[in-house]
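The data blocks that follow each hold one structure.
Look for subunit A in each of the two complexes below; its partner is subunit B in the first and subunit C in the second.
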Partner chain A sequence: MKDYGWKIILAAALLAITSLAGAVEPIRIGSFLSVTGPASFLGDPELRTLQMVVKDINAKGGVKGRPLELIHYDTGGNAREALSFVKRLIQNDKVDLIIGGTTSGDSLAVIPEVEKAGIPFISLAGAVDIIEPVKKWVFKVAHTDRMAAAKIFEDLRKRGLTKVALITGDGGFDKSGREQLLKLAPEYGITFVADESYGNKDTDMTPQLTKIRSSDAEAIINFGFGQAPAIVTKNMKQLGINLPLYQSHGVASQTFIDLAGAAAEGVRLPAAALVVAEQLPSSDLQKPVLLAYKKQYEAQYGPVSTFGGHAYDGLMIAVAAMERAGDADKAKVRTEIEKTQGFIGTAGVFNMNPTDHMGLNLDAFKMVEVRNGAWKIVE
Partner chain B sequence: MRRIGFFTFAVGVALLPALFPDNYFVMAVGVSAGLNAILAVGLNLLMGYAGQISLGHAAFFGMGAYTSAILTTRYACPSLIALTAGLIIAGVIAWLLARPILRLRGHYLAMATLGFGVIVHVLMVQATPWTGGPDGLNGIPPLNLLGWSVDSDLRWYAVIMAALLLAIGLSLNLVDSRIGRALRAVRGSEFAAQMLGIDTGRAKTQVFVVSALFAAFAGSLFAHQQSFVSPDSFNLTVSVELVTMVVLGGLASTYGSACGAIALTLLHEGLVVFEDYEMMIHGALLMAVMIFMPQGLFIGLSQGARRLWRLKNKASA
Partner chain C sequence: MPEQLFQFLVTGITVGSLYALVGLGFAIIYNASDVVNFAQGEFVMLGAMTAIALLSAGLPLPLAAIVATLLTVLVGLLLERFAIEPTVGAPVVTTIIITIGAAIFLRGIALLLWGKDFHPMPAFSGDRPIHLGGATLLPQSLWVMGVTLLLVVLVRLFFNRTLLGKALLACSFNRAAAQLVGINVRVMLRLAYGLSAGLGALAGILIAPITFSSYEAGIMLGLKGFSAAIVGGIGNPMGAVAGGLLLGVLEALGAGFISSGYKDAIAFLFVLMVLFFEPTGLFGHKVADRV
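Up next, the complex of A and B:
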């Protein structure tokens, strides 16, 4: 009998706790990122940023008085895992909104599921296919590969270069970038005189570069991320190829300069303003946002990356939408995200509308060049 | 006796969604466990009964999936016809491959099948105009069975479980047939089997093709169920996972391999919450099973249960 008494008290206490917790039901933010695997250098800063910002918001009293709860799964860059985690987030964890999809493959894989379930999804990946054609529930905050291609072509046009050699890897990012470059080239009067490819795990790209050397290319574009672009850069130097080299925004970080060493000098690429935050004029709208994010991130984790910035933008856009909607109702939040206007993020100024679920324009990219081992804005 | 096992399994599978309606672990995990089980049952025919290893089984799984994906998205082909086409393609390729490849034994056979798997994976990544490259193909329509569209989780659960029961039924019948006995003879000793008048080459080819057909069938269902395919789902890791499922469940046991597939799928879902420690716990559990139940999970557990039962009877007597 004694035993029963204790049990009843315990049960009552538990009930009290759960009902108390029920009073301030948290807003559940679901996330699936490639924190491990080949895209870990993207996913890792994204997750850290989400954790940092969620903590920050909760310390300030949450959203409309409700704390945020972050539920995260690591996909390891595998699209099949991404889909099963999104199902789990929707059906088991009953999240109110999803931010994630580090790679385009991960993001594309889950679109049918989020559309079917009717839940706002903010993708952190690059491919333009994610939001074109427009999907009702899908948004995206990272620059597209098409923007990167356009930015590179603009710079080539300024320099009066038209014959270009292309060298890309076999990953999703590389292939999607290559496709956009080839598609956009005629608009800018660019012709590709070589189109070489390598495996992203290759350790030597001299054969491809030798072929490019024998072509009449005036510049080289290398679209990829990870180690491979640094190897291409080094191999070019070793072969004595003295053409202007353009990389993609996929390597816009200090890591690339460290990996490629002296060979990185003069390499140009389109990058988010975050990598050159200090060099921006003080009139720049983004500057205070960039510096604040950079300071907060670097105080906790070390060098900032533009990819973490995407997670910041995604979460802040979602939070702003929830504030406007008044609660976390999925349909209302979706409508409010779509109405995002003049939101100043790390990637640029976002102006979304029903036909544009990203809302960035080309100004969001800065053309930067490596000078003395650091990124400098090219005017 | 064997029939009883089959019916118990069928009833259990049918009762689960009634007992736990809208439960993620039944509806979503159940579907992927079911697909894996079909693959494992098929691979077990080759590995468990005929004693031939395949480290490239994900390739056949992928062929079924990509055939369905390409035909339904690019040519608006009805899903059942696409499924049949996937079966034919995988079957023909398996048949062409079987003779030269199955002459090899042991490590050499492992290497050859591994190489085959890698080649198919590279094709999926590189043949972008057809396969969509590394990002794969999107927007695959739901499976349409003569007007009945499989578009909800519950319907998928029903279809996959029916397919699994069909696969188990086929496997049980096959094993108990003339071919099944021939295969077991091949596994024991190929020379002895030849002495008994068994055309071992033919027997091995047949089982390789059947095994590939199981995989392609699962692949087609997988493509429709996920409504997207990408090369990630058919790489070497997947092939190795399939072998693990068969070995873990128990070689040469149809229920064993299904059991291994279900156990591994559930284990992955259960361990996800441990994040960084997931792989460590996963590995430790696999090692423990192999050390303490070398015949596999299914046989190990059923023997354990029998022993307990006997102990209990003795105690009460």
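Up next, the complex of A and C:
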């Protein structure tokens, strides 16, 4: 009988602890990324960034006193997997918000589901179709392929080049980029004199480039990612083609320069400012954000990529919206994300509104060129 | 036009040489055991990745290439000893499925060791293209073609002139009879895996400076090499070499003259046509099964 006293106290204490824990229910952030598969070099830094930033925010006391909990699934770049994982995030894991969709295919596949469920979704993929036409619950933070196309055409116009040969891969990113290039070309007075393609796992593009060599092209645009653009770059030099070569933002990393070696010299591409953070003037608004992210990421994982930067932007925009909304209520957070103004991220300065769920303009891209094995800003 | 054609041929023969070496590996193992070894592409990848790792560790190129090849041969032997040999007597399909599993396993190991990135490898003798009558080719292409030719001649001599090679061939014609005349079939099987792994590794090391390498590089090459072996008549080593060259040239011509988008379709359509009209391959033995 005399033992009962402390048992009751213990039980009461336990109850108090559990109910206390219940009071600070974490905010659940759902995520689905292509950490493995062909787009792994995008998904991998994205996941690392999310984990890093979540840990960081929790160490500083969370959002409105609530810690963040990251629930992540790896899609392997398979759009069907992406859809089933998003269903699981919404129905089983009951997440408050979703950040993810490394590839455009993954992102586009889940849009009907998030629209139906009414949950804010911040996509990290490039295709302009994700936010055009505007969907109520869908936002994106990565530059679109249309912006890349426009930036390349602007640079071509400055150099007075109009006849261009196009060579693209067979992936979703490549095809979407090709479409935007073809659609936008007339506005800039550009004509395509060749339109070649290759398989993204191909090992030799000299037949396609031989055809381009015999056309009257003044410049070549290669839209793709992975190792194929590096092979195109090397094959071009091998064939003795000395035309200006433009690549897409898909290869804006040191890896491309390492792979293509000396052949990469003079290659131009539109890239996010993260690639050239140190070269920005100190008056640049983005510079402190870029350097801070870069320092933090590189201390833990090695060289940064712009793709990890997108994950940073997405999560920070969501966190800022939750801070403004006061809690993680889906509808309130959605409205607040839409009101994002002057948010300085790694991809640029975001100014969203009900008709623009991305909020970046062309200034977010810098035209860079490979000089002595490093990216340099072209002015 | 003629110089374009020449360029396409140069490209086709370079890529085709690679398919030929991979196809040769398929043919040798098929000969010895009736098994299609789907880990053949992974041997190519392992050879290239190991060589790249050794190079970056500071080994000179010839040494790195030799050590990488020997290590891959060792992997081939281990694969045979621990995954294939225990299943002797099991249906061929079982063994084929095991090789698919082995391929996934090897890919996983490579992923853990070297990550997901593509890795470059310096060319053996520089990147300065050689001009040949309007076409250009890389010194590395000459390496690929030359070493392939050498290896094919060596493999041919091995099968036709040495007792060991003939014993291996005997296993392919009739395993029971080979065993009865005193050939150790198990040792032959090990030899076949070691040889295939070595050829694969060399192919990988030769091509890595042109195409880079990653843990996944073996998948597509394995598929193309398999197609080469099929076109040539699976089980005929020289057929596989011819099949590989044919496939490479067809791909290059298809990409150059018809449409680059249909390059692979043209190559695979050709494989289908061959299987349709010559089910045993262009150079395969005519098989007559006794009913």
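Everything that follows uses one rule, which is that the second predicted complex is superposed on the first by the 361 of 379 C-alpha atoms of A that agree within 3 Å, B and C clash if a C-alpha of one lies under 4 Å from a C-alpha of the other, contacts with A are read in each partner's own complex, and residues count from 1 in each chain.
Please note the rule applied: a contact is a pair of C-beta atoms (placed from the backbone, for glycine too) under 8 Å apart; a residue touches a chain by one contact, two chains touch by 3 or more.
Treat the numbers as computed from the prediction; the structure is a model and nothing was measured.
Enquirer: Is the arrangement of subunit B and subunit C around the shared subunit A a clash or a fit after superposition?
Expert: Verdict on subunit A: subunit B and subunit C fit.
Enquirer: Rounded to the nearest 10 degrees, how wide is the angle at the Cα centre of subunit A between the Cα centres of subunit B and subunit C?
Expert: Rounded to the nearest ten degrees, it is 60.
Enquirer: In the superposed arrangement, does A:170 touch subunit B (first), subunit C (second), both or neither?
Expert: A:170: touches subunit B and subunit C.
Enquirer: Examine A:204 and indicate which partner it touches, taking first as subunit B and second as subunit C; both and neither are also allowed.
Expert: second
Enquirer: Who does A:240 touch here: subunit B (first), subunit C (second), both, or neither?
Expert: The answer is second: A:240 touches subunit C but not subunit B.
Enquirer: Specify the partner with more touching residues on subunit A, choosing between subunit B and subunit C.
Expert: After superposing on chain A, more of subunit A is contacted by C.
Enquirer: Answer with first, second, both or neither: which of subunit B and subunit C does A:111 touch in the superposed model?
Expert: The first partner, subunit B, only.
Enquirer: Thinking of the overlay built on chain A, is A:51 touched by subunit B (first), by subunit C (second), by both, or by neither?
Expert: neither
Enquirer: If we overlay the two complexes on their shared chain A, which of subunit B and subunit C does A:84 touch? Say first, second, both or neither.
Expert: In the superposition, A:84 touches subunit B alone.
Enquirer: In the overlay, answer first, second, both or neither for which of subunit B and subunit C A:127 touches.
Expert: Only subunit B; A:127 stays clear of subunit C.
Enquirer: Mind working out whether A:258 is in touch with subunit B, subunit C, both or neither, as first, second, both or neither?
Expert: Second partner only.
Enquirer: Figure out whether A:74 sits in contact with subunit B (first) or subunit C (second), or with both, or with neither.
Expert: After superposing on A, A:74 lies in contact with subunit B but is clear of subunit C.
Enquirer: After overlaying the two complexes, what is the shortest C-alpha distance between subunit B and subunit C, in Å?
Expert: When the complexes share the chain A frame, the smallest subunit B-subunit C C-alpha distance is 7 Å.
Enquirer: Would you tell me the residues on subunit A in contact with subunit B in one complex that are also in contact with subunit C in the other?
Expert: Residues 170, which sit in both footprints.
Enquirer: Residues of subunit A touching subunit B in their complex?
Expert: Those in contact with subunit B are residues 73-74, 77-80, 83-85, 87-88, 91-92, 104-105, 108-109, 111-113, 127, 129, 170-172, 175-176.
Enquirer: Where on subunit C does subunit A make contact in their complex?
Expert: So the residues of subunit C in touch with subunit A come to 4, 7-8, 10-11, 14-15, 18, 116-118, 120, 127, 129, 131, 136-138, 207, 210-212, 214, 216, 219-221, 252-253, 255-256, 260-261, 263-264.
Enquirer: Enumerate the contact residues on subunit B facing subunit A in the complex.
Expert: The contact residues of subunit B facing subunit A are 22, 24-25, 27-29, 32, 125-126, 128, 133-136, 138-139, 153, 226-228, 230, 232-233, 269, 272, 275.
Enquirer: Name, in rising order, each residue of subunit A that touches subunit C in their complex.
Expert: 36, 38, 40-41, 44, 170, 196-199, 201-204, 206-208, 210-211, 214, 226-227, 230-231, 234, 237-240, 255, 258-259, 261-263
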